[in-house]
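Multiple structures are listed underneath, in structure tokens.
Next come two complexes, and both contain chain A; in the first it sits with chain B, in the second with chain C.
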Partner chain A sequence: MSGSLNLLIGLVIGLNLLALGSSRLPALIRAMSLQGVVLGMTPLLMEYERLDWRLVLVALATMAGKGLLIPSLLRRAMRAANIEREIEPFIGFVPSLLLGAGGTIAALALARALPLLPEHTGTLLVPGAIASMFTGFILLIGRAKAISQVCGYLILENGIYLFGLLLIHSTPLLVESGILLDVTVGVFIIGIIVDRIQRAFDTLDTRKLTTLRE
Partner chain B sequence: MIPISDFILRLGWWLLLAPLLPGIINKVKAWVAGRRGPPVLQLYHDLAKLWRKGVVLSTLASPGFVIAPAVAWAALAGAALLTPLGPLGGCLSFRGDVLLLIYLLALARFCTAWAAMETGSAFEGMGAAREVSYAVLTEAAIIAAVLSLSVQTSSVTLVTMLSPSAGAGAALLAAGLFTVLLAENCRVPFDDPNTHLELTMIHEAMILDHSGPPLAAILHGASLKLLLFSVLLVQAVLPMGQLSPPAAAGALAAGVLIVTVGVGLVESLLARLAFRRVPLLLTTAFLLCVFALLVAWKEGAK
Partner chain C sequence: MTPLLLIIVPLLGAVLAALWPGNRTRPWLLPAVGLAHTLLTFWLFGHPPEVAADAWLGFDPLARAVLPMVSLLFLVCAAYAVPYLRIRSERPNRVFVASLLTVLGLLSAGHQARHLGLLWITTEGVTLAAVPLLHFNGTPRAFEATWKYLLVGGTGIALSLLGSFCLGYASLHNGGVGDLTFTALTAQAKDLHLGLSEPWVKTAWVLLLVGYGTKMGLAPMHTWKPDAYGEAPGIVGALMAGGVTTVAFTAILRVHSVVMASGQSVMANRTLLVMGLFSMLVAALFLLGTRNFKRMLAYSSVEHMGILCIGAALGAAGVFAALFHVWSNGLTKGSAALFVAGMFAVTACPPFAPFFSELLVVRAALAAHHNLATAFFLSCLLLAFFGLTRVVFGIVDGRPRPAVQANARNFVETAGVVLPPLLLLVLSLWLGLFTPPALRAVWSAAVDQLFPAP
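Right after this comes the complex of A and B.
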């Protein structure tokens, strides 16, 4: 069980690096949505002996929300704002890849030093969560386009979700679904804002937003 | 000690089989494109033809123009002799031979770049500069891969390093080493061996002014390097030590064939990358090998 769980989280870490290295927006959105689907499968794999309907519901909702709904909202925002597909990085692709890999290795070392419960020590849950959050931060800081920053925020949220899986038994369904709803509504609103930014400034480059206009 | 006949026989096998691989790759490419393609043995005919031809020497070139390809060829043949062949084991095996292997490959690259710059042609200098700058990244990946194998088996001898499989990191290592193989042998996502445009060439630009036997040595050395890398890749990934000798020999031959066909398929299905994208792919290969190292290190710590 721990082996297949680690394989899934290894996939999540690989998708982090793919998101850091991808130079086009659709590829970034695809990596992020695939990561959401993989994360949705994780609780099913963790608790496959003690499955109950609430867990299955949360897993299905996560997969549908992060894998289908949010990416389609982002793609629609991209189409509506009619933006270029190239990502403009502040931090280049090679440096951000190396940073992400360094962060992943640091997360592995850090998780070894943390006092974890014995059932969590063998798994990659904690390092995977920290690495995803770090990747999200790099994308938030290092990309100029608003949509790629949204993807960074969503990868950051994926990391927090992975961290929350440690408490899978004590988190009520309401909290899980509330977070998922928040994220979806957030992306929905960001889609509208992106459209407005595009109309007002003729660009989605967030560097231009620092200058005041009448 | 090893009998001298075994030594010669093994060298003969390496030298004889190496030009087969580019022929197979070209056949796969022709097959995917729906052409008949050149015969599989085409490179043998080319080498025989080049060997009979004379050498055109530039008045600028020093004797290094002829010596360097010979040294490069000898270094690659030496590296081939160091490489263990599945059930047969290594021919020359000693502690730390993997370091000698890496340095022999580096020596071969240095000599090709040296010979390229001897004529003073701008194109060849450009090709050499590109080759060497890609090599910086591929060498980092090779060293990470060697470290991961060495951490896993706690040994620095090629025979023991390559006999078990790389465990959970095998897939990472396979992907990383395959990318390195493509970059080191100037195959498609990095370089196009069939290109006729000097500005986009890498390896081909380096050998533009060579002719006759030195060119034959360079071409044969390149095919030897391809065979060497595919043999190393197959042995690093497959658990050679756990199979019976005939099965291991069969697995090695089949693995090399699969790698060769894979190179041909990659070459037919992918376009070459823009130069500015290449470092990203090579960094990815390096990171794959680093993560394989991490997996090996974690398994060792348990």
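Right after this comes the complex of A and C.
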């Protein structure tokens, strides 16, 4: 079981690097949504002996939310804003890839130092979570377009979701679904704001948002 | 049942506001729901219900010590909102009114949340529900402020979720059964055989302090605050400063109590003290430089959040002072955001309430032998006082003149506009001079909840 779980998490880490290296917005959104689908499958794999309908429901909702709903919202915002598809980075693609790779290795080392329960020591859950959060932060800081920053935020959330799977036995599903709902609503609101920023500033380049400062 | 009503009534009001047809009559929903909420809260204040130990939601002593202030502040802001929205009748207010009521409902839930996950869900909900309030003015600057609020606030809230998971894992690691109510966590932390895993508790505390600290607006995570307060309508600023930030503060208090129970009180108190003092320093320095009245209020709010943190770091007496300060800050901030005379109260001039609550913080600090920190605290207060009075006298004097004249034309000072903030000011004065014994008793009960006798 731990082998196939690690395979999925390895896929998540690969998608992190793909997101860091993609120079075009649709590719970034695709990497992020694929990551969401993989994450939705993980709890099913972890709990395949003890499946019940609520768990399946939450997993399906996660896959639909992260894999379909949120990416389609972002694609719509992208099309409505009619922005150039190239992502202009603050941190170039090769440096961010190198940073991401270094972060993943550091995450593996860090996870070894953390005290974990025996059933979690063999899995890549913790390193995968830390690596995804790190990737999210690089994208948040290193990209100029609002939609790329939102993608970074979602990858950060994906990392936290992965970490939350450590608690799958103790957090009731109500909490999980509440979290999912919040994230979805959040992205929905972000989509609206992105649209308004586009109308007000005629650009989605956050470097132009500099009126308010001391 | 009644504690749930505190959440259901405003949320129903929000639904009603979303369906209400008339733009002119809709704002009256705000004082109506606000009044119902205040009556309910004060009824509960007088007749506190029994809270089961494992309840996820409940009107417990901490909620009882803070929620009435939030409710009162909302009522006054709602009364002010009616004439304000009449003046701004050119803008549709459907989303604005509905969001305000949603914020009230989620705030009531957040103050009553006794479960780690539920607490996170409600605070995140408040953050999101406040977004439409910030860009009510619809200017490009307002959208810029909203974007910064979303990015900084969103990252902070993500970190606090991670912190909540870490705290949950600290319990799971040492053989907990996965009950994440604060009562259960505290009980496990005190249990000699189980306890909470130390590295995980430390990680959780740092992440939760940064996460909820972002929501409170502690420096250096305060960057969203001046922009958001500066561009949002005054009532929103008052509600954010007095209501939304307090829910993050009670969250920190609840987590702090668990961390202290697990034997990490030295580390936790030291981090709180450093964060608090740093916030005060940053706020005081920026107060000396800023010229915009609303941005100044935001920095003043950062300063008061710092004071709350310092109070929380000083043990039981400090937490008592901090709860007092929550009240005095909420009421005076409300009046100041709407009314210039309130500024004298914000600067903590005697005999307004902030003076007495800050005095209590100083006394608690001296009693705990934090002499250096006290000196630092007082000099920051002095700097902040200089900064605030400079701007306030400028406004009283009517500078800059063209802006004042432009404002005066479309903003007539009717009784409806002047009375609510004046009422808050009087309340602040009353709180300072004659702190009601009932309130003192409630604050002590909340302190007892956070520092349970061994």
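Basically, the second predicted complex is superposed on the first by the 211 of 214 C-alpha atoms of A that agree within 3 Å, B and C clash if a C-alpha of one lies under 4 Å from a C-alpha of the other, contacts with A are read in each partner's own complex, and residues count from 1 in each chain.
As a working rule, contacts are C-beta pairs under 8 Å (C-beta built on N, C-alpha and C of every residue); 3 or more make two chains touch, one makes a residue touch a chain.
Only a predicted model underlies this, so the values are computations on that prediction, with no experimental measurement involved.
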Partners on chain A (chain B, chain C) - clash or fit: fit
Most chain A residues touched (candidates chain B, chain C): C
Which of chain B and chain C A:G186 touches, first, second, both or neither: second
Chain B versus chain C as contact partner of A:I105, first or second or both or neither: first
From chain A, separation angle of chain B and chain C (C-alpha centres, steps of 10 degrees): 150
Minimal inter-chain CA distance - chain C and chain B, angstrom: 23
Overlap of chain C and chain B interfaces on chain A (superposed complexes): none
Touching residues (chain side chain A, partner chain C) in the complex: 114-117, 133, 140, 146, 149, 153, 156-157, 160, 163-164, 166-167, 169-172, 175, 178-179, 182, 185-186, 189-190, 193, 196-197, 200-201, 206, 209, 211-212, 214
Chain B residues touching chain A - in the complex, by the definition given at the top: 277, 279-280, 283-284, 287, 290-291, 294, 298
Touching residues (chain side chain A, partner chain B) in the complex: 17, 21, 23, 93-94, 97-98, 101, 105, 108
Chain A partner contacts - residues on chain C that touch it in the complex: 117-118, 120-121, 124-125, 128, 131-132, 135, 139-141, 143-148, 150-151, 154-155, 158, 161-162, 165, 168-169, 171-173, 176-180, 197, 199-200, 226-227, 230-231, 286, 289-290
